[in-house]
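Structures for review follow.
The same subunit A turns up in both complexes below, where it pairs with subunit B and then with subunit C.
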Partner chain A sequence: MDFFDFIQSITDGVLFGTTYALIGIGFTMIFGVMHKINLAYAATSIAGAYVSWAVGTLVPLPAIVTFLIAVLGGGAIGYLVYLCCFKFVPLSSPLATLLSTVGMLILIDEIVVHETDGMPQPYPALFDDVYFEIGELYGVRGDLLFIFFLSLVATTVLLFMLYRTKLGMATRAVAQQPVAAELCGISIERTNASTFVITGLLGGLAGAMIGASVGLLSPLLTLPVTVKGLIVTVIGGLGSIPGAIIAGLLVGAFENFFQALRGVTERDLYVMLLLFVFLTFRPGGIFSRSVGRD
Partner chain B sequence: MAVLEINDIVTAYGKIEALKGVSLSVAEGKITCLLGPNGAGKTTLMMTISGILKPQRGAIRFNGQDLAGKPARTVVGQGVALVPENRLVFPEMTVEENLKAGAYLRRDAGKVPSDIASVYERFPRLQERREQYAGTLSGGEQQMLAISRALMARPKLLLMDEPSLGLAPLIVEDIFRIVRELNNEGTTIFLVEQNAHMALQVAHHFYLIEQGKIVFDGSPDEMEEDEVIKRAYLGSKV
Partner chain C sequence: MDFYFGLLQIIGVHTILGLSAYIVLLTGQVTIAQAGFFAIGAYIAGMLTVLAGWHLVPAMLVAALVAGFVACLVGFPALRVKGLMLVVATTAFGEAVRLFWFNFDYQIAKGDVQVGPLGGEGFKQIRFFPENGWTTGDVALFIWFWVAVIMAGLWWMDRSRAGAVLRAVGEDELAAQSVGINLTAAKVSAFAVGGFIAGIGGAIYAHYTTHIEHANFGVILATFAIAYPILGGLSSVLGTLLAVIFIQGFLVEGLRFLGDWRNLLFGALIVLAMNVRPRGLIDERVLNTLRRTFSIGQGGGNA
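Showing the complex of A and B:
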């Protein structure tokens, strides 16, 4: 592999890694607010993309509308996951939601397999005919650049929501100190529900971006995206949004580098190894969270 | 006149009853103090009044409204705010964001900035640290922030759960000066304390709780004359 191939694979990886960053943000936000892992989250995200694909089979849609439907679909499914897996499940038992969300992950997969006969379905991309050549050996794919841009917009909107709106303040309050949040008059249940909707919207976008960059939707996507989302969450540090962003880009670059080096069938092995390296040497993630006095 | 009336409240954690039929009342415009040892049920009572814990039975009447079992946001909305034990500030929010969180339910958003300004007037230290994360404040500063956050809801009744816990004696003096100041400005205060000596200097009425039951109800004078309380809570010097 020469230098340009190296740079090229890292660039593509970082651009695609923004989808992992969004998935990681979703996992980490739900963990931050509820202190629970939602294992159905990546499935929610892919399911959001499937919703937009299903609508697209009924009426022809421009790609951008397909993406928008995926976002809304992800939000709706996120809320459903909250209702089915969290709202009526005893939260004091650490295993209950883990099992309910694994069940939901498998259920969503089964529905997708059933509805599509397990066949991959085509998914539209935007700007996949654009290619920015930089020099003779290096260039940037238009569709990946568009994905990068979408993630940037989504993350900016999310951060604005979290740090500049009342809903965001309530979300952070519940994540940091739930009893005090309640004492301020914030409803924990509503905040939990809104967090599932918001992360669902993000997930739907990530699902659409994954579908668009692969050109396909397949039930085989949910498991690797779940695993990579969890890896991003561990590397970024549970509960840390900046950590999830950096870790997402890192995992994207890492994965693409090993794909260029060792091929697509082998790359995930190295991503998994990265997980164990982090769990062993830096279990708190790249940003170990600052701890205040008292 | 009693602004808060608690009647036969029972609160349990699973099968263990932490409050076994507590009745007491808090007079309007006064400072009422609840004394008691660790594990007697003081915090459980505060959490039950605030709507964090739901009582198994009993009534909590605030200005005639029944608050027993109502969610915390209803209780705050009615004008009852709690300064919780151990302060519970939002550690990764700035001082000012903590104050804004305290005003979460306020409908008169336009008046919130002037309330924040008056908090800063009362606690200049908080103004100095307004952009700092609350988790980086000292214990005394966090206590002042917790009190201020509760005040941002403009409560008619302020519940305070051991505001002196873990603070240096000089800071404790400060906190009790503020308790008296707030009371002079018209806020009714219901205070939980273990520091009986400090409480004697501010409170108008005392209750003593032991093992989930009220075992004493009287004025500061009556309390000082009670032999049992004198020995157990005030030490031999009194």
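Showing the complex of A and C:
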């Protein structure tokens, strides 16, 4: 493997890593606000993409509208997950919500399998015929570049929402100190629900981006994306949005590099090793300030 | 009849798997690594009986010891973290073990066929039971003997000092630490015992299916392992058994006539069960009622 292949595989990996970053942000936000794990999150995002695919089979749509429907679908499913798995389950039993989200993951997956007979479905991409050549040796796929910018925009909107609006302030308040937030008149339930909707919107976008860059939607995507999203969350540090972004890009680059170096069957083994290195030497994530380990 | 023996075998092996997660969950740790230990047990026991020609029982115990030892090694770094971090760490470990077997080749010629694990194609021809003329009934009996031994062992442990220590750690780590309990020792030993039990389960699993491959030991299996004790309730080992019978007996086999819809109902019923009974099917209240009923029955008999 020469130097040019090395640069090329890292570039592709970083561009694809933006989807991991979005999934990681979703996990990390839900954990930050509720201190609960939502294992159905990656399923939500894939299901959002499936919703737009289903609408697309009924009426022919331009790809950009498909993306928009995926975002809205993800938001709606995110709210459903909140209703089914969190709203009525007492917060004092963390194991119960963990298992109910697993049940939801299986349910969403099976609905998809039921509707599509388990066959992978084609998903539209934008600018997939564009290829930017840089010099003689390098090149960047147009569709990957597009999803990269799309996720940059999404992250900027999210950060603006979190730090410049009242809703964002309420979300951060509940994440920091739920009791104090409630005493100030913030409804915890409504904040939790809105967090699920917002992360659902983000997840729908991530699902559409995964579908667009792979070119296919398959129920088999759910589990690997769940695992990668969780790894990104931990490497980036729990509750840290910038951490999740950097970690997503890092994991994307890392995995693509080892795929080029050692083949697709061994690639994930090295991602797991990367995670263990982080757990051992930096358990608080990339941007950890103290040695908080929870 | 063979069908029912087959079902009994599945329920038995899954009960062992569930119990291996039960003891770890008692300490309040959520582990997705059980499928990894299960795989270690399965592959090592399979290699010992097929390649080295051992009898199943010593092969099983050695495989379980290896799985327990690996659990101990992994336990020290992994149990420094908790909550979501531990879920991720153990998921990663389980996946790493699966990927290890995915890339692992070790074949030797036996007669005119090649036997042994072969990467993605899996490990075929683990024919200890048919070669020694065990019937399905014998195998089912063998499995349930081990289920009984493990359940009795955990039941006894639960009523001993060790059980109290584990539960104290699970309820409140700070309080447990302040009465002088060594948290790391309690967690790592629970983790190691869990790995050992999962190893036994895996060894048996490899021999009754006769063919194992890496895909059998994925995140889904590990999720089932923790789903049984959580669904059944952590108050008693009986909860795990009940949950396995509910899932494998009723949801998987009993609803087969629903065809495709069964899988849909499966997830929905788990969500519903957790909404209605967040502390599990057999929670403290049910257990107390059971105890009272039985002790009243005994009292009446004595009087």
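Details
Following the convention adopted for this analysis, the second predicted complex is superposed on the first by the 288 of 294 C-alpha atoms of A that agree within 3 Å, B and C clash if a C-alpha of one lies under 4 Å from a C-alpha of the other, contacts with A are read in each partner's own complex, and residues count from 1 in each chain.
Assume contacts are C-beta pairs under 8 Å (C-beta built on N, C-alpha and C of every residue); 3 or more make two chains touch, one makes a residue touch a chain.
Since we're looking at a predicted model, the values are computed, not measured.
Looking at the shared chain after the overlay, A:Leu183 reaches subunit B, while subunit C stays out of its contact range. For subunit A, the partner that touches more of its residues is C, with subunit B and subunit C as the two candidates.
Of the two partner chains, subunit C is the only one touched by A:Ala96; subunit B is not.
When the shared chain is aligned, subunit B comes close enough to touch A:Lys166, but subunit C does not. Legend: residue contacts after superposition of the two complexes on their common chain; A:Val234 is shown touching subunit C, with no touch to subunit B. In the superposed model, A:Val112 lies in contact with neither subunit B nor subunit C.
Of the two partner chains placed by the overlay, only subunit C lies in contact with A:Leu269; subunit B stays clear of it.
Annotation: subunit A residues 293-294 touch subunit B in one complex and subunit C in the other. Residue ranges on subunit A touching subunit C, taken from their complex, read 31, 37, 84-85, 88-90, 93, 95-100, 102-111, 113-114, 223, 226-227, 230-231, 233-234, 238, 265-266, 268-269, 272-273, 275-276, 279-280, 283, 293-294. Those residues of subunit A lying in contact with subunit B across their complex are 166, 169-170, 172-173, 176-177, 179-187, 290-294. Contact residues on subunit B toward subunit A in their complex (touch as defined above): 50-52, 71-73, 76-77, 81-82, 84, 86-93, 97, 100-102, 104-105, 133-139, 142, 149-150, 153. On the side of subunit C, the complex with subunit A involves touching residues 25, 30, 77-78, 80-85, 87-89, 91-93, 95-96, 99-100, 102-103, 119-120, 218-220, 223, 226-227, 230-231, 234, 260-261, 263-264, 266-271, 273-275, 278-279.
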